[in-house]
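Listed next: structures, encoded as structure tokens.
In what follows, chain A forms one complex with chain B and a second complex with chain C.
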Partner chain A sequence: MASTKVPAGHFSILYFAAASTFTTKPNEHLPAPLEARNLFAQLEERYPGITEKVLNSCAVTVNLEYVDVDGEEAEHLDLVIKEGDEVAIIPPVSSG
Partner chain B sequence: MASTLIIESLRQQIASCEVQLRDLQRQLAEAEHSHQQQLQERKHQSAQTGTDPLAYDFTHGIHDDFKSEVYAALLHTEDVQPPPNRWPLEKNEYRRYGRQLIVPVIGLQGQLLLKGASVLIVGVGGLGCPAAAYLVGAGVGTVGLVDGDTVEESNLHRQILHSTSRVGMTKVESAMVALHSLNPNVKLIPHHGRLSPETAISTVQSYDLVLDCTDTPASRYLISDTCVLLGKPLVSSSALRIDGQLMVLNNPPLPPGNTAGGPCYRCVFPKPPPPDSVLTCGDGGILGPVVGVMGVLQALEAIKVLTRFTGASTNGAASSDSPSLLIFSAYSNPMFRAMRLRARKPKCAACSAQATVTLEALSSGSLDYVQFCGTVAPVDALSANERISVENYAKIRLEANPFTGSEPSKDSHILVDVREKVQFDICSLEGSVNIPFSIVERTPGFSLKSSGNIDGSGEETDWVSELRKHSDKPVFVLCRRGNDSQITVKRMKELGLDNGGQRWIGDIKGGLQAWRISIDADFPEY
Partner chain C sequence: MATTESSSYTPDVPSDPLTRITDNIYIELTPNALDSLACTRFVRSPSAGATVLFIGTTRDSFNDLPVSSLAYTSYAPLAMATLYSIASSLIAKHQLTKVAIVHKLGECPIGEESIVIAVSAPHRQAAWRAGEEALEETKKRAEIWKLERFEGGEGVWRANRDGVMGVKVEDESGGKEATKEGL
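Moving on to the complex of A and B:
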């Protein structure tokens, strides 16, 4: 997926399931550094409506680690997403 | 019509009974064969015992007082068996499970743990079928099956326990036929009907571990809550299109508030997805091996949890203890990614010290899972004069060109089909143009005169300007079942495509499904 090298000054972001459908891409590179608290706003700017339709119910990981960035009291709001990091947006899939 | 249905139904019933009959015959043959083998073995044993020690006794003579006793004992040799508990597994079990018995992480102890275990599989579909097959194959002692659906033809490409001859049978019965013929040693318990808040506690209670193989957000929260409250580990998995997810939750299954317990479904996904974004396999599609992989992995995780006190400690594979969310993306490289999960969420509604989900709340029915996850109301966006029945639309198509049938609609009106391109390419009505609903949804809501599109991608505006060009022709909008078409009509009017009401824009009620039922029975159903 993010097999291509991340360009300097960027992090890579992976979109799974409904996130990929909404953005119409499996992954892309976004400018780093970025404070985790601004991640959703950044994505909303690029993809209007994505917060309500997708992000609010998503799990988010940074470098394969679950992070809590949703809400005022979220644990990882101060985390800084650095150059070369890998962020994943993981909506719940419920069908089977 | 009714009589053909009856005939078809009878045929199906006969076919499924024949399958059951063949299965029973096979079982009978197997039972007779093993009975025969036992007799042979006993004869062999008694022949051996008959040779030396007793003969020797006779030659030395027996005291008269003991004679009758000895004779009685001799008469009973046919029934004397090796002590019943000499070996912990049955003879056939050593053979059947031999290949996994010799795997160090299982061993005899692991096999005995599996034999003593009971697993509840909720949902016997794309996930539940492969999961059940492997767990029953592995010799889990008791397997419960929950499902309220019947087998449909469109299930068969992925739901591997069901078969063509069992279409129409309940999924639970169909799975039991297949599973029993796979391994008659396993006790199967049917639970007909969907799991509900009323039935969840009593259904789950007697099992050691639960597999969530269901297909709705509501059932995922219900099953997770139930497992937390009853202290059962939960293996939860899901799949759609070419993606899958897998988590082992509430593992270890410690009481709510105990932070050493494993996270639950609510810890990972505290908020359900918006109901209109939830896709079923019927709408979004599913590739068989994708859901198969996820179901097989569920069986694997279940085996690991059930046998964890054996081999796992000896080979140091302790990493499986930390909870993770495994993501499977069939067309990505790498296909698998394991995301490390956090411990229980400090304010989780189900498993934290502040939990609001309680046994009382659950069993009293005060937790409304359907409401929590929201429901999609049937789309009713348009007034009666913005809609047309398939019958009336068929007339319009014919009137446009009553004789040839070629290009019947092109001159009089525009027929827009808003299904996604992949579906449009499967089958479509002649003369229709495809404007996928996903593109309609993403079209920015600019006003009539706005020429500058926001993100400059030409694709979205193309369809709008194209429709604007032919402003004299009425527009009929159609989709698979008649929901997206209504929303599209609304959208088109918001974009001013109806010229302030001068041009008729409306949807064809019930979409292509209604078209097939009422107008053209040959139109493919997929």
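Moving on to the complex of A and C:
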């Protein structure tokens, strides 16, 4: 699940449920640093259509903390994803 | 399609149970069969006059469509933290004695337990309320995902709330959404 060693200059990103289906992988490494506000655009470039199909309904965590980078007044607009960070795409949950 | 899964999908789950245990909280995510009696035993206490036990089992149909199997996957470290946070909030809010929340990961055969919640409190009102709230909060927040596989078809990632992945077809509690691709 959580990725093993992250190569230098990269962060790891985990995809769950529909996000994993769309990307066809549970995780991968992407180049760091990356401004959190550019994360979705970066993913859209790699996986055309993912924003509308998946990301618009997803939350994002960085190192197990939820971050809000959506919209002009979002709390973590200035957050930078750093080398070695663990980012996760969290689709709507369905336990129980 | 974005929200369906091929029939060859196998969930990535830990091979051993993950647990977080304190004097009054028991949290577990496990690939093994759930043990509701163990949860009851954990919350039992001389200072508690009431124990409420909830057992959630997997249904064999969704809107009359036969479901052949289910599997749960999780962002385990985050889900453990979320479940622990739900349990400790409920203890403070309802003055509970103890709480246990256990959820299944991986394949869950139809009709078997997928979630067990046990709460104990000095009096029954608090236990009833907290038991229901524990389940609702878990369904709303725990980073766990259910894949329903329909007979002869692909799997559908369920969503407990409205989202672009699901089209709501029944206005009830969680898990009552259908995804077009799956129907």
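Quick note on the criterion: the second predicted complex is superposed on the first by the 91 of 96 C-alpha atoms of A that agree within 3 Å, B and C clash if a C-alpha of one lies under 4 Å from a C-alpha of the other, contacts with A are read in each partner's own complex, and residues count from 1 in each chain.
Please note the rule applied: a contact is a pair of C-beta atoms (placed from the backbone, for glycine too) under 8 Å apart; a residue touches a chain by one contact, two chains touch by 3 or more.
Note that the structure is predicted; figures quoted are calculated from it, not measured.
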item	value
Chain C versus chain B on the shared chain A, clash or fit after superposition	clash
Which superposed partner A:93 touches (first chain B, second chain C, both, neither)	both
Contacts of A:68 with chain B and chain C, given as first, second, both or neither	first
Partner chain(s) touched by A:26 [first = chain B, second = chain C, both, neither]	both
First (chain B), second (chain C), both or neither touched by A:17	both
Chain C collision site on chain B, chosen from 1-9, 109-117 or 361-369, when both complexes are overlaid on chain A	109-117
Residues of chain A that lie at the interface with chain B and also at the interface with chain C	1, 16-18, 21, 26, 52-54, 56-57, 61, 64, 88, 90-96
Chain C partner contacts - residues on chain A that touch it in the complex	1-2, 14, 16-18, 21-22, 26, 49-50, 52-54, 56-57, 61, 64, 88, 90-96
Chain C to chain A touching residues, read off their complex	2-5, 12, 14, 56, 72-73, 75-79, 81, 103, 114-115, 135, 138-147, 157-161, 163-166, 174-175
Chain B residues touching chain A - in the complex, by the definition given at the top	123, 125-128, 213-217, 220, 237-241, 243-245, 268-269, 271-274, 277-281, 284, 286, 291, 294-295, 325, 327, 329, 332-334, 337-342, 345, 438
Residue ranges of chain A touching chain B (in the complex, touch as defined)	1, 3, 16-18, 21, 26, 52-54, 56-57, 59, 61, 64-66, 68, 88, 90-96
